[in-house]
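Pasting a structure here, questions to come.
First chain written, first letter: the chains are A, B, C, D, E, F, G and H, and each begins at residue 1.
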Amino acid sequence: LRKGFPEVVYGPGKTPRQVAEIMRRLRERGGPVLVTRVHAEQAESVQRLLPEAAYHPVARALTLPAERDEAGERAPGPAIRVVTAGTADIPVAEEACLTLELMGRPHERVYDVGAAGLHRVLHHLPSLREAPVVVAVAGMDGVLPGVLAGLLARPVVGVPTSTGYGTGQGGVAALLTMLNSCAPGLAVVNIDNGFGAAVLAGMIASVGSPAPP
Amino acid sequence: LRKGFPEVVYGPGKTPRQVAEIMRRLRERGGPVLVTRVHAEQAESVQRLLPEAAYHPVARALTLPAERDEAGERAPGPAIRVVTAGTADIPVAEEACLTLELMGRPHERVYDVGAAGLHRVLHHLPSLREAPVVVAVAGMDGVLPGVLAGLLARPVVGVPTSTGYGTGQGGVAALLTMLNSCAPGLAVVNIDNGFGAAVLAGMIASVGSPAPP
Amino acid sequence: LRKGFPEVVYGPGKTPRQVAEIMRRLRERGGPVLVTRVHAEQAESVQRLLPEAAYHPVARALTLPAERDEAGERAPGPAIRVVTAGTADIPVAEEACLTLELMGRPHERVYDVGAAGLHRVLHHLPSLREAPVVVAVAGMDGVLPGVLAGLLARPVVGVPTSTGYGTGQGGVAALLTMLNSCAPGLAVVNIDNGFGAAVLAGMIASVGSPAPP
Amino acid sequence: LRKGFPEVVYGPGKTPRQVAEIMRRLRERGGPVLVTRVHAEQAESVQRLLPEAAYHPVARALTLPAERDEAGERAPGPAIRVVTAGTADIPVAEEACLTLELMGRPHERVYDVGAAGLHRVLHHLPSLREAPVVVAVAGMDGVLPGVLAGLLARPVVGVPTSTGYGTGQGGVAALLTMLNSCAPGLAVVNIDNGFGAAVLAGMIASVGSPAPP
Amino acid sequence: LRKGFPEVVYGPGKTPRQVAEIMRRLRERGGPVLVTRVHAEQAESVQRLLPEAAYHPVARALTLPAERDEAGERAPGPAIRVVTAGTADIPVAEEACLTLELMGRPHERVYDVGAAGLHRVLHHLPSLREAPVVVAVAGMDGVLPGVLAGLLARPVVGVPTSTGYGTGQGGVAALLTMLNSCAPGLAVVNIDNGFGAAVLAGMIASVGSPAPP
Amino acid sequence: LRKGFPEVVYGPGKTPRQVAEIMRRLRERGGPVLVTRVHAEQAESVQRLLPEAAYHPVARALTLPAERDEAGERAPGPAIRVVTAGTADIPVAEEACLTLELMGRPHERVYDVGAAGLHRVLHHLPSLREAPVVVAVAGMDGVLPGVLAGLLARPVVGVPTSTGYGTGQGGVAALLTMLNSCAPGLAVVNIDNGFGAAVLAGMIASVGSPAPP
Amino acid sequence: LRKGFPEVVYGPGKTPRQVAEIMRRLRERGGPVLVTRVHAEQAESVQRLLPEAAYHPVARALTLPAERDEAGERAPGPAIRVVTAGTADIPVAEEACLTLELMGRPHERVYDVGAAGLHRVLHHLPSLREAPVVVAVAGMDGVLPGVLAGLLARPVVGVPTSTGYGTGQGGVAALLTMLNSCAPGLAVVNIDNGFGAAVLAGMIASVGSPAPP
Amino acid sequence: LRKGFPEVVYGPGKTPRQVAEIMRRLRERGGPVLVTRVHAEQAESVQRLLPEAAYHPVARALTLPAERDEAGERAPGPAIRVVTAGTADIPVAEEACLTLELMGRPHERVYDVGAAGLHRVLHHLPSLREAPVVVAVAGMDGVLPGVLAGLLARPVVGVPTSTGYGTGQGGVAALLTMLNSCAPGLAVVNIDNGFGAAVLAGMIASVGSPAPP
């Protein structure tokens, strides 16, 4: 599937029956299918109707593989890095990784590089510099993506998360930090939108390749 | 300068003397210098102190060229497209174009493709499909960037503008529209941030090339 | 009942006993009765007290038919179209359809015309052009109603829904998109207000007919 | 022009030269041209470039008449009523009236029906009941449109205005009052959007007539 | 207790043990004790520790009577009226009535005078005109208190409630309507603050009497 | 005029001609006329058209006396106190005092009792205790009205002002402090609404007297 | 540990397994470990994996003691005071006390000094004056920290809490009160951030001592 | 004056006459007087009435020296550092420095340590480590204070500034970044509040010294 991205369905507000039906219909188009924001019970009900659906509990997503398995066919080039500030940001990062996986995009996890300190960031810098683009996931004050954008010459996709409390306001504080960063090369997506960040990063990584038809 | 981006200074809240001094200091690093958000009178005062500074009234910016003029040296590859929804969005788009110019990045203007209708967008689609990345500038409801992202396979950088009134809230409505778009491949930057959008687009367009040192 | 709209009760914050009592009292006025935002358990408790009440689980509403059944008597003229962007917007659309049903207004469902693309919209255009007025229901970025208003010469009633996450803020982003649309002829109602949209659309469709007494 | 609405341009953020040029270009399509939100000095500069443009100081708008003058040709039927709560809401109401004028729609002004009392509203009720649709313009607490919708059987288009102070927040309080009104048949548009309200009202009034081609 | 108001405790965030202990301590001062915002289970646990505490399920409050029962001793003068717009506002109104009861203040309930129409308000006007002060409780658009203030010559205490959805924002829309009302003589308190409204109304009603020591 | 309050006009958004005309019309009803929020130049233009209008520069208001001068006739009873936290709150307090003056209500100024300390408040306490009701005007953190309500047994009318900066948000912080105060007996009005506070206070002070006809 | 502060982990969004693992890893650095915002069930699951973890139910925190117990070694000097306005603020204050305990900082609780009155504050003033710094915890209107800052010559760390309802907005009203206080010497931290307040207070109290290495 | 802080007056909303009078009155208490937020013309008018007042144009403040000049008497100990992220933050930092000057507190300026990069911060680290407390002033994304708090063992006072645009919202984004920072030891004050930050920092620096009487 190197050239596109998966068919995607937004899980909340849909009955298991609706989800299963949509997954079946979309599978017919040939590519993989991804359903985001599915909690465990909802997933189980869908799997009873559609046993071939796989559930990814940390990413909170259901998937169907592509018709013709192209898992072996990977896009060439260095791996996109998916970075998190803290442990609580991992579910959003896993949604991104799962999406990159379905897109056939090589990617590497760099988790927990530190919310309140910069040492771990500096430690990973040489590896991060190899990436064509970095997905940086952070809640609370959302400082990490801007710091990375200041240190790297490649684009950074910042994903604010709803991790935090009080004035964090469900991710709004982190979002504002990223939008107001002076660091050049920082793209921002919606709060908790791991899927969207991955699609964007995958597209960026393939800008040098011929466009999909 | 093909590989980097200009030294940039944020104009508001600085005296003409401060601006002139900073421009002089930054020029010594060799690359071009860009000062954003400078209104006409402020520009004139700076030019009295630094006559070689050029003022770009629509983009509301001051520039100093690079030491060794590399204007002839353009990055290879197809042109980035800079699109606006309406006429009132042009100043922000011009800030982006000026930045791309200083980065040596080929770019083309596609202005006024229409706020309240989609026909003009469709008309320009074949040309937009050639771009490695599109910068889409829109105020009011900010719908254009998401529409473009839905039609294109390449990344779109959405720039909300403060054009509008009432519940537009100085660009917040347009920003929210972009952040909540379901269209894949949409990167968002701060309201009116033409400079930031251009740097991001320039970086994306050169993802296939070797990284700057 | 062609000339008016149903007696309506807002369900939340009322005990089953209060709901049943109010339904009984309102029925005496002769017209149909509608209770909105009733979840399944609350409905069951009401039905135990008032077995003739019908529950509509997708629309989340309870109804009592009009005293003298006028279901056969339909308002003349072409059908109002009720459109949704995604599957998650269907409950709000069903609340609108149920209201139109009780008003005796012919109406047709056009669901899932697409959140992240415009092709399905274009496909349905000829049918939508026949409607005297269109009810357009959309969450997330809320772009659909403005797109329809740009394509149609008849009024569009936009209903933002609370579908979405992060900066969607429970429908506020979708609402702002609609209020800031430049497309002519777009009326906006409160978030998730399927009932209000239907009454407004029904009134609009009958503007050419003599006013109710 | 009975069948459509004027070509419209949003004035702010455009130079007089841009405005004059756009007006000239749009006139070629045959219909009337309307430029909204133009203050007196901006208007004068445009008139120097385009002397046939007429300025309407209370409505703060510039107009060019239709090519073939159809002023005599009015749409049939009773007049739309344009109502204001206070004197400070008149400029927004006049933008609406001017738009209705250019649409060839009969309309009547009912101004100052009272912000802090209901007697004047009741006094005008018989006349308001004749209208196919009422445009109700109100700032501060924005209560008037909901009160009218509660008293009338025809649609009401509520226009919140930025009149007010403190927690009025430039019209947001009035907007929220209208969106949260329980009165059936209330359509809401953006704050101060007299133009949009008029186009919507004109479309509603002609729902019974054949659609424009 | 005619001269004062009850000792009051805010229930949420306190353990049953803390509530019981505070109630016991406050009772020693002689006057009645009121605990607000107590849900049924919390109340039961408190009553197990303090069986003489009475629970008022609609008002969601616990009370202890005054040491020396002064229930028979009522303040002289006409009754304060406690008015609600809808049925869902009754719990807040009941918190107000219970407080007035403990203050020994004569009061009368006028509930459900109508959210979307004014006829029932007009029906009750003669009775409301007898009150020294009116407590008006309303959610959604919160229009009722301003309408009453426009019709009455005595002070009105407006209590916004969290009844509503979407842009109602948990009572903020209703609050803003009241604060921006032009009607003279409207006092506003916090959202859902039936207790505070009652104390204020009781103080206002006794302004002509000698101050408490 | 002891029994009522002045006819009042909100100045902003009205032309001098409109203001003068409205003042003339209202005078015919016999009572005094008050126009609020009038800046110096606007006032001068009005006075050229209506020389008998008096301008009060600190209160920023225009007045016409009552037809039959009743200035000598004062309501009986102790004076209402009008208190400010700081010097910048005085214009709002003066609007209140002017309104009380026109209502024939005895009142006393207690200004600058201190924003950042409580000593001056305590110093004035004996005098404040004599008032039937206190109007407390405060910006920034808006703490003063709640402190007074905690110290006094009579109602306090809190007026938040737009004095402040940063997170003061034009008076919203002060307003929220007052609405969330636990002190019993605090009535809140809109930001900077000195007029509304005075009418409310005047009504409260006359609750013991017979109602106006 | 006198010179530093504990390793701290934010509990929400982590599985018990992740929490236990992180606690184990951090313990290896030698100092104490603190996990905040852990509810009872989550704590139990962690304790099953890591039985030496202690749970503090009021502070809602898990702790591991320092490797080498330094509980006996206390920092010298007078005790920091931790003050609350109401009973509902105690959990946040206890999080602060537990943190100070782990830092080896002498501290004293002064709880419930009164939300709606100042007498209890004045009663405790002599003791509060001995503290090098005071931590003041308050919800609702958040007035207490500013009052203390006005009475004390030492720094006050204000902690807004989410106690309250309606316009309290989960602590935002209290936060704004503190940020807009005119009282000198008031430091503000995030809503409910007892841990952060304690670390700041501990650092302030040791400013006179040599810095940690 | 080593032990206290200056008498301070908030300039906006006061007439020059009021300012001069207040300055005169406060001078009588012996200490220095500071008036903040005074623009150049206002300052000139005050100086005409009170020629001994000194104006500081960058800090936008007026001062009167202490009666008995104690400028030579400085508090002992290392200098507080006042740091800014950018050039536009300097006015706020200068307000802080002027306040520290009047408090007799040794302080050093470290300006422009960089908004979009961390190298200059690291360069200044050894000097910053000597300070008992650091005042960190930053607008836009407001990241600097948190970064410093992460690197330093002493308290940091973060001052958000209104520098920025779009979603910066006049400093709110910077404020939220600071409040949500995980870095230990960060105290936050109101947007642009250089004075308050300086008083707090001065108090912190003297925590080891005996309290002022």
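Just so it is clear, a residue touches a chain if its C-beta (ideal position, glycine included) is under 8 Å from a C-beta of that chain, and two chains touch if they have at least 3 such contacts.
For clarity, every value in this text was computed on a predicted model and none was experimentally measured.
Colleague: Determine the set of chains touching chain E that also touch chain F.
Modeller: Touching chain E as well as chain F, we find D, G.
Colleague: List the interface residue numbers of chain C and of chain E, divide the shared ones by all numbers used, and answer same when the ratio is over half, different when under half.
Modeller: Interface between chain C and chain E is built from largely different residues.
Colleague: So, what's the distance in Å between the C-alpha centres of chain D and chain C?
Modeller: Roughly 27 Å separates the two chain centres.
Colleague: I'd like to verify one number: the distance from the centre of chain C to the centre of chain H, where each centre is the average of its C-alpha atoms, in whole angstrom.
Modeller: Measuring from centre to centre gives 57 Å for this pair.
Colleague: Just curious, how far off is chain F from chain C if you go by their C-alpha centres, in Å?
Modeller: Averaging C-alpha atoms per chain gives centres 46 Å apart.
Colleague: Taking each residue of chain C in turn, which ones touch at least two of the other chains?
Modeller: Those would be 10, 166-168, 172, 175, 179-180, 182, 184, 190.
Colleague: Between which chains does touch occur?
Modeller: A-B, A-C, A-G, A-H, B-C, B-D, B-H, C-D, C-E, D-E, D-F, E-F, E-G, F-G, F-H, G-H
Colleague: Show which residues of chain A lie in contact with chain C when the two form their complex.
Modeller: Listed in rising order, the residues are 10, 12-14, 18, 22, 37, 160, 162, 170-172, 175, 190-193.
Colleague: Inside the complex, what are the residues of chain A that reach chain B?
Modeller: 4-5, 8, 10, 129, 132-133, 153-155, 157, 175, 179-180, 182, 184-191, 196, 199-200, 203-205, 207-209, 211-212
Colleague: Considering only the defined contacts, which chain E positions touch chain D in the complex?
Modeller: So the residues of chain E touching chain D come out as 115-118, 140-143, 146-147, 150-151, 164, 166-169, 172-174, 176-184.
Colleague: Provide the residue numbers of chain A that touch chain G in the complex, in ascending order.
Modeller: Against chain G, chain A makes touches at 86-88, 91, 163, 165-168.
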